[in-house]
Amino acid sequence: MSLFFDILAGSLMAAGLIFFVGTVTGMLRFPDFYTRMHAGGKGDTLSTILILLGAAVHVSEDFFHDPIHQWGVLLVMVKILGIAAFLMLTSPTSTHALMRAGFEDAHETDETVVDKDQDGPSLEELQSRTWEERS
Amino acid sequence: MELLTLTAQFEWILGKSNYWASTVLLLIGLHAMISKNNLIKKLIGMSIFQTGIILFYVSAGAKHGAQIPIVHYGHDSHESHDKAAHAAEHAADAGQQVAEAAAPAANHAANHAADATHTLGETLYVNPLPHVLMLTAIVVGVATLGLALAMVQKVYAAYGSIEEDEVLDAIADSTADSTVDSTVDRTVKGTPEA
Amino acid sequence: MIWQLDLILLIFLVITALISLRVRDLLGASMVFGIYSFLICLLWAGMGAVDVAFTEAAVGAGVSTVILVATVYHTRRVTGGHKRASGMKVLSLLLMLVLGGVLLHASGDFPALGDPTSPANDHPVAQYYIEGSYQDTKVPNLVTSVLADYRGYDTLFETVVVFVAGIGILAVIGVPTARMRREEVCGDTAQFGEDSDLIILQTCRLVVPVLQLFALYVIAHGHHSPGGGFQGGVLFGASYILLALSGGLREALRRLSESMSFRLAACGIVIYAGFGLLCMALGSSFLDYAILDSILPGGVAMARSHSMLIVEAGVGFTVTTILFVIYANLATRGKLEGGL
Amino acid sequence: MNGFILGVALFMLLLVGALLYRVCVGPTAIDRIVAVNAIGTKTTVLLVLIGLLFDDVGMFVDFAVAYGLLNFMGSLAAARYFQRSERRAEADLRHPLPIQSNGGDA
């Protein structure tokens, strides 16, 4: 039983670490702000949640050993899951806010990542619009 | 340090690392406060200086292998600890020494009241005194940072710059033209207007 | 103590401090200072100083970065080259070399990190707090009992310092005429977050109530877990700052106006000091809670425990409101409208 | 299991160190802010892991919750900074102020 929990917690944490490595690689290697944001926004949230789930599983192990005396660890587990839930809420929000901020700060895209054949206004045209026009 | 083994040398370095780090932080902060031209940079330097001091205090209270300074709360639940405390109190009522009634940190005590005879001294706790001093210092630090930032904003409103040399130039100019009053007047009037 | 973590964190800390001072863009520098605060919070946690780490977490993530950004917004974002400072820089470097040499030389005499028998840890006062305070006060969190009971004077006057800082900000950048006008402005029916981003607004609508409840929990549960008046107060203040960041400062001020803030802040200190005076009135020393045994339930130790709760609540009032006042004034250059 | 958790924590800390490179080189403020945001969320996780290492996670989880709730305030403030600056600049273009460009709060 203990081995099962250890393996589950360990694999969740390892998966989280793999995604975090991806996040860091993306943030270090990608050419422009928007692509770095893409790596940072998605990978960061997912890896955080995975590692927190691993921690929650690890904590809950005590409960299954001795449910009568150790039920208090469930509270800790719920708190850890609560952190995961709130990070799932707040981290994309800050990604959204930052993306919008970078857009308004008129960051340019790297030419290697732009699809030239797309329809619609280009990024520069959009950025040159005023606030009222945009919203 | 003659003829120390590699491990002993490493341990010596580890034992002093906190002092070195806090010294380096103090120096960085003080250097920034003296030599940086920008007032906000000076304030960041001030905060770094402050954390250097806090680091010195907190690390002075750290102990190897110690528990966090919260008594009778091991890695298990509230409930079993309450039980442990009750068991310990019953033991005290039964005529045992008061010192034994101090709640044990070992979680097994919840199940075995007879085991509830660990004194507090057996568990090593981190020294709480530096924590208390520094905890208040952090909150006071952010309040003083706010006050200092307010002064920065006031300086900017009065002289149009937060660079130290430009502010000094502006002061020198206004004194040379003896128009210091008019400068201040304009901005003070201008501020609520804008 | 986990020495591997501590060592890496100390190195990162120095690197981050250098980065935040090197960056020319002040907005970037403020945010880098946020990382500095994250790392130092981890360092406190690694050293077992949970209450300090909690305070640093709340202050660093919630307040200090935001007020730095607010000041950068109202001043100038980019800092220029150094025209005249080079002479001062050389002088300062020399001074740092001398001072650093002295301090590093002195560090040879200090006890090693984590030594349980070092003078600071071996001192009878520290020993007494660890061994005796639980029996004296029935408060498991030693930091809370030392903070609010044994060193009550210290905490009382730290709280007063926070209050005075709030008054100081009002004196430095408060604009009286605009304040009078604001009374009318706040009376009108501005919609919640009319100029804000929808996504941010909805997220904050979820987060702010949870944050406020959590802050109350932190104040109330500070006896049994890390927390207390300072931490809970900072969290509560941060919740109002979050409200102001998402839905506009006007909305936050409608919930907690500035005059009400100062009234509550004064209330907090009156609660704290009044409790001390109550002890005097009952015939004991100032802030000697043991005498309150006669009016509070549950024995001498529990009287001290309950008194601490009330005192922490007073601290919480002051810290909450003053931090919000600091933000509100810094974000608007004292005008309490417009601004960040 | 404790050794594994310590390894995870140290590895994460080293990756945070790699992110410090992005913080250091920039190139602009918002690139740094993205890295700050990532480091902030990882701080939350590291707090929980340190709690596990101390075998007392119930005590550490409280301020991890505080971090989870608060760590987007910095990016929120920065985003608001950019939004407000642009609107202020637009307002200044429409109604140029005679003396100082900082005078108008849109």
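Which chain is which? They are A, B, C and D, in the order written, and residues in each are numbered from 1.
Please note the rule applied: a residue touches a chain if its C-beta (ideal position, glycine included) is under 8 Å from a C-beta of that chain, and two chains touch if they have at least 3 such contacts.
Since we're looking at a predicted model, the values are computed, not measured.
Looking at contact counts per chain pair, the maximum sits at B-C.
Distance from chain B peaks, on a Cα-centroid basis, for A. With centres set at the average Cα position, the gap from chain A to chain C is 28 Å. One inter-chain figure worth recording: chain B and chain D are separated by 20 Å, centre to centre, where each centre is the mean of the chain's CA atoms.
Counting partner chains per residue, chain D has residues 28-29, 33, 35, 54, 57-59, 62, 65, 67, 69, 71, 76, 78-81, 83, 102, 105 touching two or more of them. Looking at chain C, residues 48, 50, 70, 72, 74-76, 197, 200, 207, 210, 225-226, 333, 335 sit in touch with two or more other chains. In chain A, the residues that reach two or more other chains under the touch definition are 72-73, 75, 86, 90, 93, 97, 100.
Interface of chain D with chain A (complex): residues 1, 4-5, 8, 11-12, 15, 18-19, 21-22, 28-31, 33-35, 37-38, 41-42, 44-45, 48-49, 52, 57-58, 61-62, 64-65, 67-69, 71-72, 75-76, 78-83, 86-87, 90. Residues of chain D that touch chain B in their complex: 54-59, 97, 99-100, 102-105.
By the touch criterion given at the top, residues 67-68, 70, 73-75, 156, 160, 190, 194 of chain B touch chain D in their complex. On the chain B side of its complex with chain C, the touching residues are 11-12, 14-21, 23-32, 34-38, 40-41, 43-45, 47-48, 51, 54-55, 58-73, 78, 98, 101-103, 120-121, 124-147, 149-154, 156-157, 161-165, 168, 191-192.
Partner chain D is touched in their complex by these residues of chain A: 6, 9-10, 13-14, 16-17, 20-21, 23-24, 27-28, 33, 36-37, 40, 44-45, 48, 51-52, 55, 58-59, 72-73, 75-76, 79-80, 82-83, 86-87, 90-91, 93-95, 97-98, 100-102, 104-105, 107, 130-131.
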